[in-house]
Amino acid sequence: MIILMRLGASPEEIQTVCEVIRSHGVEPLELPGEDRVAVGIPASLSTDQRTNLEAALGSLDFVSKVTQTSRPYKLASREFHPSTSSVVVKNTTIGAGDFVVMGGPCSVESYEQFSTAAKIVKESGATILRGGAFKPRTSPYAFQGLAEEGLKIMQQVGQETGLITISEVMSGDMAPLVAQYVDILQIGARSMQNFPLLIEAGKTMKPVFLKRGPSASIDEFLLAAEYVLNQGNPNVILCERGVMPIDKGYTRNTLDLSAVPVLKQFSHLPVIVDPSHGTGVARYVAPMAKAAMVVGADGLMVEMHPDPRKALSDGSQSLTPEQFSTLMGELRSLAPYVGVKMA
Amino acid sequence: MIILMRLGASPEEIQTVCEVIRSHGVEPLELPGEDRVAVGIPASLSTDQRTNLEAALGSLDFVSKVTQTSRPYKLASREFHPSTSSVVVKNTTIGAGDFVVMGGPCSVESYEQFSTAAKIVKESGATILRGGAFKPRTSPYAFQGLAEEGLKIMQQVGQETGLITISEVMSGDMAPLVAQYVDILQIGARSMQNFPLLIEAGKTMKPVFLKRGPSASIDEFLLAAEYVLNQGNPNVILCERGVMPIDKGYTRNTLDLSAVPVLKQFSHLPVIVDPSHGTGVARYVAPMAKAAMVVGADGLMVEMHPDPRKALSDGSQSLTPEQFSTLMGELRSLAPYVGVKMA
Amino acid sequence: MIILMRLGASPEEIQTVCEVIRSHGVEPLELPGEDRVAVGIPASLSTDQRTNLEAALGSLDFVSKVTQTSRPYKLASREFHPSTSSVVVKNTTIGAGDFVVMGGPCSVESYEQFSTAAKIVKESGATILRGGAFKPRTSPYAFQGLAEEGLKIMQQVGQETGLITISEVMSGDMAPLVAQYVDILQIGARSMQNFPLLIEAGKTMKPVFLKRGPSASIDEFLLAAEYVLNQGNPNVILCERGVMPIDKGYTRNTLDLSAVPVLKQFSHLPVIVDPSHGTGVARYVAPMAKAAMVVGADGLMVEMHPDPRKALSDGSQSLTPEQFSTLMGELRSLAPYVGVKMA
Amino acid sequence: MIILMRLGASPEEIQTVCEVIRSHGVEPLELPGEDRVAVGIPASLSTDQRTNLEAALGSLDFVSKVTQTSRPYKLASREFHPSTSSVVVKNTTIGAGDFVVMGGPCSVESYEQFSTAAKIVKESGATILRGGAFKPRTSPYAFQGLAEEGLKIMQQVGQETGLITISEVMSGDMAPLVAQYVDILQIGARSMQNFPLLIEAGKTMKPVFLKRGPSASIDEFLLAAEYVLNQGNPNVILCERGVMPIDKGYTRNTLDLSAVPVLKQFSHLPVIVDPSHGTGVARYVAPMAKAAMVVGADGLMVEMHPDPRKALSDGSQSLTPEQFSTLMGELRSLAPYVGVKMA
């Protein structure tokens, strides 16, 4: 942390800053400059020390600016964990060079619909089956999902097809229930900072698939991952799914593909991209999916519905079975160029 | 809903659109234009009908644009509820012309700290005491609050001072517990779309104080209120607390004061402003607090700490007791000008 | 500037950083920390030194983060110019305790329209008359203004009424022409970083009214002012007119009123608020205008049209003459409370 | 345009709306709904008609919402110009299936620096040479470019190497000068809505390379192109270069790659991607460049400097000659997969 003194700050004022710093248990270092003085804190601070010091110093009139110099996450950081992590789920490993595809409908609507979708997913060579049983919907009047009934359908279809299953959990108290039926717990974008949920999902020790919030900074995203990791659960998978767009008139979100190399550089965790929510428009899913592979993502989550026009949610961004199969083929052709393997 | 056909769409394509609309149980109306045709749907649609139709029509190549013409909320809307609502809590009414102030520290840290804060709040004439027992913190390493112990302190101090109490609840399963100790349940900005929490908070029938998310549109905010109202709980208080800033270097958020007259026009619910989180800087709290009164807010939530430099959270935005008392005096002078009453 | 080394950086790598710094003519200071080393630069850097150093250091693999510790503006900064500046235009002083109102239509449409508007402005007690002769319009097919003909009308009406005139200049080569006809040169939000225009407007030595760009940070805004000041022209007036909104469905922009106390703290220049563009909706103009006075603005720019329904541009945000007069009266009542004078 | 009446609007109020519409020269169409009435305007409106009607209707209390149903651009629209456009510059065609690369330093610093850069560009197989002579810099104290001297260097080096040249023009009055020396006029992101510049650049009839503003919507971007096209100059090349980021701590902008398929769908103009400004970090340039090819861009603009550590501007995002050559090779390998040709 660096504290920049106001221009013309007196020696007494500089001493006051140093005393405030010492009162938080760390030693200040004076940095004389040409036109003003800065005070540095060369020690590692705990988050609370940092927050409290920032508050204490920020309230002083003769302090011009307080700047943080370090990044706030540790367990999620590549600096503290240089080797790349991978998450093993059954016979699939995410983050170890294999490009994995999670496909399926937005919502589990019925055994027939979900079973049909699963067969298409399986035939196309994807290994993970997605489907929502609990649906976070902006409006209370929209379809809210089949709840536990949906989870039971997922479990059954997973067993019948051998596909790995992933479904969203919306509150901490439901984490054990969802963990009982599916292989991977998904935490949705709007829940990224639902801290009780992050903690409970972490406690299940199941793999946790964490979506970035639409206005979350990289630091906030990795700190959310840190909540799960901090429970002793190392199985965290990051998902970029689009940030708040400048223009909502053409895409639902702006898929931030540069977040993939950023996350790969600063974190050791696997990174998946969701071009379906990331664009909100079926015709943009395939190009953005292939781009995600090119920029280094470990896989994709793609919405596919046996009949998008009849989908109970998110139909406009769901691929048809044909589009999904075509995309899988294109990804398989592209994979060798990018240096990744695909099942 | 209006469907704009692509330039040069054929009569058959227009018929296809009309058939898709009819298959969703509503009747289309053709709107011939100079250079192209539009198709209108003059009926009220359910949210699901609307979403599904949008998906079905959006996937057609000869459709240029699908536009929603109505607003999605009902119970929170002033159109369906023209008279202004107020929320009664003990001897205080929020939203009926009295300007209410909720003051207190970010976190309940100890009985001594909270009791001291409460006395200052009471002496200044404010009637509602805020304090966090469960703290949503971006980092898992930051102070997380005293939990139920904090709620007990709140209840005791509330009884001793006669102040109304408000505290945040972070998950649906905790709503009954928090409701047992405090008078108003607060839902934080990061929980605005925690739908299970909105539902459980609604079920307690306690007043629910709902903070706008930092990137939430007005529609999303009122739909979140709709979740609570839809449980049969009419006691919803809206709170503007700042949206994502263009420049994080000077304020923590951008307090969107124009949201106050917007919410007052489109909704009948009371609106409170939080200039503490809205700016994140103590010296900007007083001017923005007074501005909030001027633009028509029903009250304020203001952070005040007996000793901000020692606060365990949010110290840089907390007022000192002196600053808080001064602000209360200034508000009381301003109130008659604005035409509101203050206790 | 502070350079944080990567965890485990070797002594050689730290030396490389120090050498790069020395090669830019400044002396580094090593800051040993608990888990890693930082290197500080305790000298004032020129903008180029800073930019170049940041580039040179940012490309080194063993550097974790480069942080700027100082603010980039000087002439606009209150630190280097502690006393508050005011701008004198004819018989009016902006920024010295008098609250000034600039009123008038978006565009000069004809002598009759503008003259009528001017009389209403004058009768209401406002002293500055606004009107656009050159209109920056998003679409090339929208009304583009009367150009020099409009300026002549402005000059004539200004002389007839004794009002001070202000009008927008859109390109540097037109600055002398506009300066010949009007008293204050306005630089629009979309031109805030039109650097040749800033320079040419500065050279005219006329007062320059600089609008903040819709996505401009405070630093970018003050650096734009710096371009004008750097021409030896001290007569810069800042204008907050709304930033990019989260929700375009209710207001055209989000008026950032907290920018007023921020700018007052960090700069010595006068600050005006434009609630017309800031909201885009006539009914929100009055509350936001009064709030602007409360937060410490030096005045307002308000759109008023003799007949808003017939306005050639921006009708939906223009006040009627009656609304404008009512607002002026309300501001005059509020002024003593806030401690400002109004003509 | 669709006008939604307020719930319970009277027949007289509906008639008022219809009369306002008729007074603007168009015929309304009543759309009775279940709970309220809407009024449609089935004619094509001019921009002014639309703006003025919106203003007139928006001021009526019994109107709930006015919705635009059409898109505002014409000449840039694929609907009005279904075949894909290409721009021919000397021996290179942009937008006709060949993937073009524009490479070179941010600024022309000297003949030696620029000539060295040009040789690297040429050897790598790229055909267009970029370099700034007039530099738009946020700070007035930063290097502003060599001005006409830089243009002369560009012309000379262009002739010596046979490379096509592109350079930024910052104001309308300079457009003829820049057009005299270089082959393509670049309009920078901060100038996207500098309307006099768009008009003057259009008048030169030279190809105009238009960068999207950092907070510009797709509609605003295509309307800016419309300004150039409206001068009778069909040679417009669009450039996506990143939008305002959620998190400035890791990338300078957020490169919006989904804008490429969006622009390709709604416009007929060629689309280039600038991953250098789009990320601001050299190490992210190559992955984002390849992703741009995959999503359908017609080419790239990439910053390369003979010695990035010594660059006078933008060094941290410039590739070294080696990195640039490597990227060119990778693009050439990827091209056949994507179905594009590369020189």
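First chain written, first letter: the chains are A, B, C and D, and each begins at residue 1.
Convention: a contact is a pair of C-beta atoms (placed from the backbone, for glycine too) under 8 Å apart; a residue touches a chain by one contact, two chains touch by 3 or more.
In this text the structure is predicted, and so the values were computed from the model without any measurement.
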Review point. Looking at CA centres, what chain is most distant from chain D?
Key: B
Point to revise | Chain pair, A-D or C-D, that carries the greater number of C-beta contacts | key: C-D
Check your understanding: Between chain A and chain C, what is the gap in Å from one C-alpha centre to the other?
Key -> 37
Review point. If you average the Cα atoms of chain A and of chain D to get two centres, how far apart are those centres in Å?
Key: 30
Review point. Where the centres are mean C-alpha positions, what is the separation of chain C from chain D, in Å?
Key: 25
Exercise for review: List, in ascending order, every residue of chain C touching at least 2 other chains.
Suggested key: 215, 219, 244, 246
Check your understanding: Taking the complex as given, what residues does chain C use to touch chain B?
Key -> 215-219, 243-244, 246-247, 249-251, 254-258, 260-262, 265-266, 278-279, 283-284, 287-288, 290-292, 294-296, 333-334, 337
Check your understanding: Once bound in the complex, which stretches of chain D touch chain B?
Key -> 2, 4, 6-7, 29, 31-35, 38, 40, 42-44, 64-65, 67-71, 79-80, 244, 246
Practice item. Quick one: which bits of chain B touch chain A in the complex? Just the residue numbers, please. Key: 20, 46-48, 51-52, 54-56, 58-59, 72-73, 136-143, 170-174, 190-191, 193-197, 214-215, 219-220, 223, 226-227, 230, 244, 281-282, 308-316, 318
